[in-house]
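Next, two complexes with chain A in common: one pairs it with chain B, the other with chain C.
The block that comes next holds the complex of A and B.
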C-alpha cells in the first residue's frame, strides 16, 4: 500500500499556520530580549555581587540546567497557581523560556566578562569610574563580542524550545500544527510544513543576529 | 641622610600633595612595602627604580588604591585614602595612571578612549570632551590617529594615547608604571619625549622606570627601592654620581652596564 501525499488541507489552513509562525516569532523574540536582560544582570551579580546573591544565582543556574524544560513549564503553568500565581498559557510559556534561557545566558556572559583583562578594570578605576560605569562602558561590549556566537546559538535553541510550549497549549506553531493534524489526519504533510517554517524562523534569527553583529559588535581589525 | 630628604629642585615646588607615613603592605605573609615614608611636593618629579619585586609598582598603585595598604597613612591632597573610602573615585579621577601594558579600551577609538571618562565621570558635554581630547592628542603628537582603534596603533602610539586619556581628566598627579617596558626599543623615545614635555609643564609625576637618561633629565629626586623598602632618595646628580648605599651602587652598576650594552 502506498501513501498519497496531499498538502491541500494543510495549505488551506495557511492563515492558522501563519498566525502560529508569527506567535512563535514574537514569543522567541520577547524571550530573547528579556532573557538578555536577565543574563546580563545575573552575570553582573555573579561576578561582582555580594556573596548571598552569588549563591542564589548559582542555585538558580544549577536548578534550571539540571531539570527538563518541559517540567519547568509544567511547574510554572500548573504548579505556581497553587501558590496563587496564575498565568495564561502564553504568559507561562514566555516566563518559562526567560527563566530557562537566563540560566544558560548568565553562564555564557559570565565567561565573556571573565575573559576581559584585569588591566581594563584598573584603567577604568584609575580614571575615577564607578563599578557600574566600568561594567557598562568598558566590560560589557568586549565581553559580549567575545561570546556572541555561543549566545546566539543559545538563543536559537530557545526559539526551537518554544515548540515544547505546545504542551501547555500556548498558541505557537507546533500547537497550531497539532490542531491541523488532528483535524485533517495529514500528519506527515503538516509536520513537514512546520519543519520548513521552523527552518525559516532559524534563518530569520541568524540573519538578525548577523546584522546586529555587523552594526554594533564588529571588532576593529589591523 | 634621612629617606625623606627635602627635594632639591631647579624649579619652584608647591605644598605637599602626597604624604605616605609608615605605610606597610602585605600579600598574605609577603611583606611588599615596609614602613614607607614619602612626601611629594606639588609639581615635583620623582623617578622610582629598583629590582623587580622591590615594591615600586605596588607603591604607586597604593596611591590611587588599586592596591590596599594595611598599615600607615596615605594622604592625597589633604584626604587620607583607603580602599573602603566612600568616594575613592573622587580621589582617583585627580590621579592619572599610565600602565606598562597600556590598557586602552579595545572597542573604542583613540579619541573615544580619551572622551569616555571626562563625559561619564566629570559630566563634560560631548562636544567639549571631544575638543579637549583632540587638543591633547595633538599634544602627544598623534592627532592623525584619533579615529583609529588601539589594535591599529603601534605600541608607542598606544602608550601616547594612554597618556592622553589620563591627561583629558586634567589630573593633579600622574603615575607612570614602567611606561616603556613593553615597548620595542625604537618606540621608547617617542613616549619619553612626551613625558619630558609633561614634566616641563609642571605636572606632579611619579614614574617607575629604569630609563636612567629620563631620570637624569627630569627627576627632582630619584628613589631606589629594594625588598619593599626605600633604600635611598637623592637628587639625580648625587644619586648617579655618589650613591650612598651599597645596594644602590650594585643596582646602578648592573642597570647602567645593561643600558650601555643596549645603546
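The block that comes next holds the complex of A and C.
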C-alpha cells in the first residue's frame, strides 16, 4: 500500500467538525422530540379518529415509508417553494426528518396502545386504583415497555438519516465534512473521521437509551 | 433553462433500470454476505460471534451515506480507482449483508432448541443440520423482514446519486438542473419509487400477519 495518510488537515479543522457534530445532535434531538408529538397525535387519530382521518393518516404512512428520504427532502426544499412555502435548509431538514419519523412512529405508538388489553384496566379498577394510577401503571408504563426497543432504534435511524440532509446543505456533520474535503482533498481521511464521529453519536444514543430503560422501565422480577 | 419535455420524462423513467439493477446487485451481494454473517453470529466459536457482532454494529451505527463515501474512497488507498457504480454496489452490498445477517440470525435463533438437538442426535453434522433442518424453518420466518429490508435497500440506492451514480434520483436532479421544475420532477420520482416499493411493503405485511396467525 503506497498511500500516505495525512490526518493533519482534517484534525486542524476540529472546531468545524465539532460544530457539525453538535448541529447533528441538536437536529436529531429536535426531530425526535417533535416527531414523538406527531407520532402520538397520529396514533390517537388512527385508533380513535373518524374514518376519513384514518384514511389520510394511512396514506401518509404508506407514502413516506415507500419513498426515499432524499426525495422527501428534495420535495420539501426544492418543490414546496413552487407552492409558496419556502424554508431555510436547516428548517427544511428538520421538517423532512419530522415528517419521515412520524410515519414510522405512528405505527409504533399505535402498536403500544393496542398492546394494552381491556381486562388489565378492569383489573386495575377492581383493585381500587384511581384513574391516574391506572393510566400511569397499567396503560402508560407497559405500553412504553412494549414499544421501547423499536422506538429507540427508530430514533437511531433518524439520527443516521440526518447525514442525508447534507444534500440540501443543512449545516450538519456530513456537510461540514464535504466542505473540509473540497478544501483539503483528503477525502478518505475526512469521511473516516466523520464516520467515527457518527459511530460515537450512535454509541452515545445507545448508552442513553439503555440507561433510561434501566432507570425507568425495568420489568418487575418475579 | 428550457421547458420540461416528454424526452426528459422518458429519460427519468428509463433511469429506473439503474435503480433496479443496483438494488438487485446489492441484494444478491448482501444475501451472500448476510448468510455468512448470520452463520458467524450463531457460530459455536465465541471469537467469530464477537467479530460478526462488531461488523453488524459498525454498519448499524453509521449512516449509509458515509458507508458509500468510504466504499468510494477506501479502494483508492490500495491504488484501485473505482467508478461510482462499483462503489455503490460494493457499499450497498456490505450494508445489506450486515442488516440481512442480523435479520437472519434472529430467524435462526427462533428455531426451537429441540430441533437442533434432534438433528444432532440423528447424527447430522453442521452443514446437513443447517441446510436440511434449520434453514427450511428459519426461511419461513425470515421472508417478511427480508422483503421489508429490500424496500429499505431500494430506497437506499437513491443515496448512490450523491456519489455520482446516475440512477433515478440523479437523473431527476440532472433534468431539474436543466428545466427547473422541482415539484413536478421530484413528485414524479417519488411516485415511481412508491410504485416499486408499495407492493413489496404490502406483501411483507401480509406474510407477517399470516405467520402471526399461524403462530397462535
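Basically, the second predicted complex is superposed on the first by the 201 of 222 C-alpha atoms of A that agree within 3 Å, B and C clash if a C-alpha of one lies under 4 Å from a C-alpha of the other, contacts with A are read in each partner's own complex, and residues count from 1 in each chain.
Please note the rule applied: a contact is a pair of C-beta atoms (placed from the backbone, for glycine too) under 8 Å apart; a residue touches a chain by one contact, two chains touch by 3 or more.
Predicted, not measured: the structure shown is a model, and the values here were computed from it.
Touch criterion met: A:120 reaches chain B, while chain C stays clear of it. Among chain B and chain C, the chain that touches a larger number of residues in chain A is C.
Judged by the touch definition given at the top, the superposed model places A:207 against neither chain B nor chain C.
In the superposed pair of complexes, A:129 makes contact with chain B only, with no contact to chain C.
Of the two partner chains, chain C is the only one touched by A:3; chain B is not. Of the two partner chains placed by the overlay, only chain C lies in contact with A:192; chain B stays clear of it. In the superposition on chain A, no contact is made by A:88 with either chain B or chain C. Looking at chain A, you'll find no residue that touches chain B in one structure and chain C in the other. Residues 58, 60-67, 69-70, 73-74, 76-79, 151, 155-156, 158-159, 161-162, 169, 172-173, 176, 182-183, 186-187, 189-190, 193-194, 197-198, 201 of chain C are the ones that touch chain A when the two sit in their complex. Per the touch definition, chain B reaches chain A in the complex via residues 64, 66, 89-90, 92-97, 99, 101, 103-107, 116-117, 120-121, 149-152, 162, 165-166, 169, 175.
Residues of chain A touching chain C in their complex: 1-3, 62-63, 65-72, 74-75, 78-83, 156, 160-164, 166-167, 174, 187-188, 191-192, 194-195, 198-199, 202-203, 206.
By the touch criterion stated above, chain A contacts chain B in their complex at residues 117, 119-120, 122-130, 133, 137-138, 141-142, 145, 219-222.
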